[in-house]
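Some structures are shown below for you to check.
Note that chain A is present in both complexes that follow, paired respectively with chain B and with chain C.
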Partner chain A sequence: MQFFGGSEISPSPPMPTASGNNGHMMYIFNRNGICLLYREWNRPLKTLSSQQDYKLMFGLLFSLKSLTAKMDPTSVEKGNLGVPQLPGQGCSFHSFRTNTYKLSFMESPSGIKIILVTHPRTGDQRESLKYIYNLYVEYVVKNPLYSPGNPIQCELFNTTVDQYVRGLG
Partner chain B sequence: MAAIYSLYIINKSGGLIFYKDYGSAGRMDTNDSLRLASLWHSMHAISQQLSPVSGCAGIELLQADTFDLHCFQSLTGNSSPLSTMPWIIRTKFFVVCEPGTVHMEALLKHIYELYTDYVLKNPFYEMEMPIRCELFDINLAQAVQKDRVALLAR
Partner chain C sequence: MAPKSGDAIFASVDRVNAELFTLTYGAMVRQLLTDLEEVDEVNKQLDQMGYNIGVRLVDEFLAKSNVSRCVDFKETAEVIAKVGFKMFLGVTASVTNWDTEGTTCSLILEDNPLVDFVELPDTCQGLYYCNILSGIVRGALEMVSMKTEVTWLRDMLRGDDVFELQVKLLKQVPEEYPYKDDE
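Presenting the complex of A and B:
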């Protein structure tokens, strides 16, 4: 839903490759590491409390990013391991896969991190993450009742994301 | 340009026991490679803890902007001493290669075979210690070279 002009969000959502409930969970973090949103669709195993889980996830992404920035075999000047970097600086990563799940990761220039955990055999989710970021802009950032930095409590956003992720292949 | 940038082998406690560079830009010194290896060891463990379903064995493939990292674990290992980590800790082999390089699982499996043949069966090799075996080096160089030739032929 766009408030001005057309009724469709641009760009249009990427076509799902196959239908099926492949989503496990989704996280949105802001640049300070605060979890703005956590959605869970299918998670039989949960060993930690929510707060611990968010911290561990953010820590994993942060450290993997410093690992890829240091490991980058194409750049000559990489700085030391763990040197602070702005969003978009240094070599980042877009997904990793284990035998039980696949994690796709996107960071916006303002430091918003979107993490989608899906079935290990799902394809490239970069376009889907961009689309979810678009939904975030439309339904959360443009919501006058939302103050930045607080957890997202926006029913319309939740239902739209749920519906979109359910259709992901 | 090299298809494979580097190869790491890390022992069960996260120590780097073998590192070979095949032409990445900007040399990494010994301390950097040691740090990266132990960082990978811990991130691998955390990824197992965050799994939404049970039976996770850790990251197999990491896709970064400029490279892919394929990780293979030895078939045998020790069970972890911590109750919060109910999985088996094994020796890890990982290659850093160009994005989209194929057949890396097969190459890693072959490197694992070379490791069992030329490192573990070497009577002078002490477990968990850095690998200094000439025959392993020679055969590894051949395996990587063969992989490169196969890539050029495609």
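Presenting the complex of A and C:
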């Protein structure tokens, strides 16, 4: 059955260009669900207000994480779905891909979550996320004028991240 | 990537001259004593400053050490002693005196660069000179969801043979959904 013409079931966007520019957007959340930073490089369509958008993204990750832990076939001890987990419990996911984008996710034990949305054909971004976490430490955490838990307003961090993401293959 | 050892990280990070570090800390404690006058207030202030440091320092620790997560509090204590102390202070601690539940232990520091050149005068006998360290440990652990109580049991400046820092795990805070439904 086809609703919208088109022969492909899941049309793919064009191949990523070798020159980079494959990043769509990035979020950084802290453990309290506060969006510390949102960067956008390529996002033609926006339907929600930014606050709603952040909340939706955080909620998605939170639910997906508890779902992945619940589905883990290798572990015996599992609480009910939705029961809060202690730190160190359960497994987590690091990326998912749709036909139009790829979302990569990293969470530090201190609860910092970094989300990078890229072109679906980009490779494993785990090292990139770690690199961004290191940038966060150098430019944000070590900035004495930054108070933890507040949105990041640090031009140097923004430009460094922009530059790094632009170069991602 | 595998977690790195304390020595490997210590060798790769930028460091400052040890004497400069020790003397700067000393000058800061000295100034606090002048400003706050009461030794107890200084202890409290050092602990609070340490807490504020620990809250930030934990991210640097996690980013540089590649430590992902610890299965239990025992592993956490070992990692703090062997990797954390080495990375930031250049010395390693040993972990002993576990209680039967595995929630209280002691970190033993035989060498502590903070106290080179220090002698407590008679007027400051109640001072926990290194109270900033207990604050740092408490703050850093709180950021990884562990509420702890950190106290000094032995202090070389008070005539003991080593520094002994007792870390007591009060509770582990589970991750919760931070928004309320009606928001």
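By definition in this document, the second predicted complex is superposed on the first by the 148 of 169 C-alpha atoms of A that agree within 3 Å, B and C clash if a C-alpha of one lies under 4 Å from a C-alpha of the other, contacts with A are read in each partner's own complex, and residues count from 1 in each chain.
In the analysis below, a residue touches a chain if its C-beta (ideal position, glycine included) is under 8 Å from a C-beta of that chain, and two chains touch if they have at least 3 such contacts.
All values derive from a computational prediction rather than experimental measurement.
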Touching partner for A:95 - first (chain B), second (chain C), both, neither: first
Touched partner set for A:32, first chain B, second chain C, both or neither: second
Partner chain(s) touched by A:42 [first = chain B, second = chain C, both, neither]: first
Partner chain in contact with A:59 - chain B first, chain C second, else both or neither: both
A:160 touches, of chain B and chain C: first, second, both or neither? neither
Touching partner for A:134 - first (chain B), second (chain C), both, neither: second
Broader residue contact with chain A after superposition on the shared chain, chain B or chain C: B
Partner chain in contact with A:24 - chain B first, chain C second, else both or neither: first
Chain B/chain C common contact set on chain A: 59
Contact footprint of chain A on chain C as seen in their complex: 1, 55-56, 58-60, 62-64, 67-72, 143-146, 172-179, 183
For the chain A and chain C complex, residues of the former touching the latter: 31-33, 55, 58-59, 62, 84-88, 108-112, 130, 133-134, 136-137, 141-142, 148
Partner chain B, residues of chain A touching it in the complex: 24-25, 42-48, 53, 56-57, 59-60, 63-64, 66-68, 70-78, 81, 91-101, 103, 117
Residue ranges of chain B in contact with chain A within the complex: 5-6, 24-26, 28, 32, 35-36, 39-40, 42-43, 46-67, 69, 84, 96
